[in-house]
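The data blocks that follow each hold one structure.
Next, two complexes with chain A in common: one pairs it with chain B, the other with chain C.
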Partner chain A sequence: MSFLKKDKNQAYFYVAPAVILVGLICIYPILRTLVMSFTDNDGLNPAKFIGFDNYVRLFLDPNYITPIYNTIIWTVFATVFPVAIGFLFAYSMQFLPRSNYFQILVYLPATVSAAAAGVLFGFILDKSGLINQILSLIGYDHLVRDWLFRAPENTYSMIGAYTWQTTGINMMIFIVGLQGMPKEQLEAAKIDGAKGLTLVFKIVIPMIMPYFVIASLLALINSFRVFDQVWVMTQGGPGRYSEVLAVTMYREGFVLFDLGYAASVAVLISLVGLVFSYFYLRSVLVKEDVGN
Partner chain B sequence: MLVLILGGKMKKILFIFLSTALLLTANISKAGDVTLFHDKAGWQDWWTETFAMDGNNSYEITPFSDTSSYQAAVRQSLRADPPGLFTWWAGYRMKEMVDSGLVEDLSPIWDKYVSSGEVSADLAKAFQFDGKTYAVPSLIAFWPMYYNKNVYKELGLSEPKTWEEMESNFEKIKASGRTPVGQTIEGRWPAFIWFEEFLIRSDPDFYEDLMEGRAKYTDPQVEEAFLTWKSWMDKGWMDDGSAAFGFTTGDSMNNSFSKGDVAHMLVGTWFASTVTGGGIAEGEEWGYFIVPNKDASMQPSVIFEAGPIMVAANAKNKDAAMDAIDFWMSKEASAKWTELMFFPPHNLGAALPAGEVGQLVKEINDGGYRQINRYWEATPTEICEAAVDEISKFVLDPSSYKDVMENLQTIADNYWSNN
Partner chain C sequence: MNYKTIERIKIVTGLSAMAIIVMAWLYPVFFLVVNANKTASQYAKGDKTEIIWGTSIIDNAITAWNKGIGDGVLNSLLYGFAGSALAVFFAFIAAYGIVRLKIKNGLIWFLIIYSGTVFPFQMYLLPLFEAYVAIGIYNTKIGLILVYVGLCIPFATFVLRGFFLTVPWEIQEAAKIEGASNFQILYKIMLPMAKAPLLLVFLIQFTWIWNDLLFGMVLSRSVGVRPITTVLTGMKDLYASMDGPTILTATVMASIPTLLIFLLLQKHFIRGLTLGSMNAGKG
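Let's turn to the complex of A and B:
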């Protein structure tokens, strides 16, 4: 036990369980996936090393144009809308009495699982669902349509459902940012005549910009690898028109059991996610340094 | 997802963990000679009840509720520690396992039952490769047209015996403000249903050639199938395919059928209880007919679907598993299974199920129907999975049929040039 008497060794002891867990359930599978992406693994026969064949196939396959396009659409709109609306809510809440209740209401969808939200919106966006009923009721019959059946409506409808679910998280990030904003500078700007949108765009947003960066990068990472909503609502269909890369990975892996190829798609998604994560972590760590 | 990214030992640990958890939570296992894995969790009691009749073996039956994890688990286990018996999908969906030597040849058991006249040799077709049979059926289903008898009664229609009579019925149904035929592409796979049906009604030999790569998706027979389909949609005889498949409430094909808004739908016989669950009585309010051939002089035919049970070649208890398959093919097991599931029996000595399914099977057996394997199993999985998305594009835009035909042929070429 003398080993544990040294402070440094004790630290290793405390950190060890976390390191082992992360290594076992995170790092090891990542490395295995990377290795698998260079093989023809089909889950049935012994895998053979095939070099970069899966990656070459990935970039030459015309079937990937739609999933890549849809993933870009998702990444842009499922970042912009939840972040912008989240900020709008957070900023507006400052002026509302008993805003806590509104915060809970807006945050509540974030507690629902993505799959459950997908099922719920499947009904809402159905041909005879709530959206179409409301549109008919207010006299907009020409807008009634099968939201999940036609492209590109299905992709944008799913982004709408996703926005409903993720806006609350962004709102919370911005509330923290707004609460930590130095009041003196805000007051000084108001005395100098800043108000309305000028105050928001010239003073408030620049002051909480680190929070915008964090919320945006987090939203980017999540929207780029979106899977649950799409799989539950359309399975990427009809005709692969609403497919995103994560659904492609799942189809290749668990429908066609082309596991090596699916692993190469997984690596691509992870690499892009890694780039976003790098900037995200850098923003967070820089912010913490500033705080210290 | 985890199964995809884990390595050999990790997969085994995860597999053992999942299997143990399932066994503990489902409370269904007993120590036994024969293990059975299946992905039809709802059938668990029926499996247990049927196999309980086997005096020679005891069974450990493990259900999986998710099809994808089931497939991953079975595939991973086949070289290491496989179950004795497992359910799978027929035709090309089991071919990989056959080619890899991972499943047992069950021909001797088939020979025994076919030579005694208890089982029809036709049934083995879906499980045969190079003259050997690698599975026995757990599910047998035919694909007839369900029709709403209330609508027929109200409009004074009778069950059609010819293609022309059927189209004439559609015209009258359409004129009454209803949709004659429901179709759906919900969940992707149902897109092939009408594609295969239109093909076999004109040229079943061509259909089988197409499935095996001996014919092309750009051939005139395929164009004719798409054009007939398109004309039905253009005339408003079919809906746009956007309705969900089978929920009994809401905007689903089955619900529209039970209300009489849709008068027909083409589905497997396994859908019967769902139709009745929609609120209309089997026999009195809904019934079956088999879609007539375009040319009445052709041999009548019907699409069939068979779900296989296979024996893993590396199973520790292979002899007991083979014995269990022998029991499964017996009249007693088949009669019990039919009584519980209402599926057509695989043993000819067992009584037919009651109701519409029984009458349909009798018509097929007595009428000399040619039984044609379903598209999902009859053509390679790689073609089928991509083709259903292409056919869906046709349903979305019927005028795109020429592009769809070209794309289908490209998919087929990619597969057949490498296999």
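Let's turn to the complex of A and C:
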């Protein structure tokens, strides 16, 4: 039919603005960063192509052991804690009436910007802040310290703040998963005498495994490239003791103007992120009804 | 005690336990509000857990507003509204073109747009900064609106494509037969049906723009352009000149809009946000 063909041509006018904008704001920068990472671009002198030098430097420079190590710590703990605590909240809400009010309250920190939460936790973790006041109040003076100015305390404190913010999202993923769980199977297991931890580990967790995979991969993706919280609370300091790769990238690019090198850090973050994203998208496409 | 009483005791115990846990969970928020409502010396010398009944928060809010938070709030409102509305508009027509007008290779066009959610933002920063400086839109409001529009289109297209897939084809065919143009079908038939998903996507993207820190940091510098998050974190850097309660009040002010949106929509929003954060691009 002729009018259908006309529709298809007209369709280009509808799709074009979005494609052009995404092309300019997203796709062009991605390609340009990739090219930049193979140059010695410093924003001033003409950039020379230097092959894989930036990448070699990244792996050989002992200064970068700390950010890489911190990023690994972040990726592990900022995945395990929010996912585990999120599951605990979701699972215990199952047994309570009107738990939706609790859900909203637990979720609340996730609605606030990482910048605002970072500023708030800066005050809580400050030398004369809330945590230290409470510690000396209950007689644990020896634990009082400058939480954000000492490694490794600063990284773990920031992971704590991050956990507070992101647990709610994981809880919601598990609530969706638990709601979709077939109740008969659970009842049957209970009749067979399964209860407590056995029930959780042998029956519940295996049944909602797809949701565990989705929540964990999502947490991996986001914690691997964490920036806001670290930048706001410590800027990677003192020195570079709490620096993570996303902060390294920002510092090299926008403080030290070593653009080529910063681009190679960005590419490294992307490559690892893409591996997680691949598995993530695969499991979401398998379980497409999640969130509905 | 019979079975029912035991069950009731269990539930009451569970509820109380959960209430205590949730109160502890929200204690940082309590700390924030209580200490925002103090004077500088009350905060510096006093007990951080103590509640002081008074109106210091109003003075603090006025100080914070005049020291840059006011500009930040107004700028971020502009970026949130304009960025999100334009992104939703472009995504709406794009999704219509892909799904309803059956553009050739529709899936490929969709994936090109959707690819904007896959890469970490670190991949965007250097070239955007470079290009913005080169064409003279670095540190301008137009520049920030543009970047937020581009960044919000992929997720909005993803959701609205989902919407268009659910609309029955008979409606469109009937309108076609009566001689309606494609634009009339979009405007008169699809738009009224899409109000709910459009509003939801708009608010999710507004929240994301309001909370963004990175692009504000990289693409703006002066007070008249910087969004609220960069102004707020900048206040913290000027620690000496700004007292604790004023910064805490500014933190409250920076959190109110997104908190209101969340409380207004609650469950719908949580679902949308969960979905949104599950799009890898929005951390």
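Methods note: the second predicted complex is superposed on the first by the 266 of 292 C-alpha atoms of A that agree within 3 Å, B and C clash if a C-alpha of one lies under 4 Å from a C-alpha of the other, contacts with A are read in each partner's own complex, and residues count from 1 in each chain.
The rule is simple: contacts are C-beta pairs under 8 Å (C-beta built on N, C-alpha and C of every residue); 3 or more make two chains touch, one makes a residue touch a chain.
What you are looking at is a predicted structure, and each value in this text was computed from that prediction instead of being measured.
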item	value
Which superposed partner A:V15 touches (first chain B, second chain C, both, neither)	second
Contacts of A:F254 with chain B and chain C, given as first, second, both or neither	both
First (chain B), second (chain C), both or neither touched by A:F149	first
First, second, both or neither for A:V265, with chain B first and chain C second	second
Broader residue contact with chain A after superposition on the shared chain, chain B or chain C	C
First, second, both or neither for A:D42, with chain B first and chain C second	first
First, second, both or neither for A:G237, with chain B first and chain C second	first
Which superposed partner A:I30 touches (first chain B, second chain C, both, neither)	both
Partner chain in contact with A:L281 - chain B first, chain C second, else both or neither	second
Touching partner for A:I159 - first (chain B), second (chain C), both, neither	neither
Chain B and chain C contact sites that coincide on chain A, given as residue numbers	28-30, 32-33, 36, 43, 123, 128-129, 250, 253-254, 259, 262-263, 266
Chain C - residues contacting chain A, complex	11, 14-15, 18-19, 22, 25-26, 28-29, 31-32, 35, 44, 47-49, 90-91, 93-94, 96-98, 101-104, 109, 112-113, 115-116, 118-131, 146-147, 149-151, 153-154, 157, 176, 182, 207, 210-214, 217-218, 229-230, 232-233, 235-236, 244, 247-248, 251, 254-255, 258-259, 261-263, 266-267, 270-271, 273-275, 277-278, 280, 283
For the chain A and chain C complex, residues of the former touching the latter	3-4, 7-8, 10-15, 17-19, 21-30, 32-33, 36, 43, 92-93, 95-97, 99-100, 102-116, 118-124, 128-130, 133-134, 164, 169, 172-173, 176, 214, 218, 221-222, 225-228, 231-232, 246, 249-250, 253-254, 259, 262-263, 265-267, 269-270, 273-274, 277, 280-281, 284, 290-292
Residue numbers on chain A that touch chain B, as the complex places them	28-30, 32-33, 36, 42-45, 63, 123, 126-129, 146, 149-150, 235, 237-240, 250-251, 253-257, 259, 262-263, 266
In the complex with chain A, residue positions of chain B that touch it	1-2, 4-7, 10, 68, 71-72, 75-76, 78-79, 96-97, 100, 102, 185, 187-188, 240-244, 250-251, 381-382, 385-386, 389-390, 392-393, 395-396
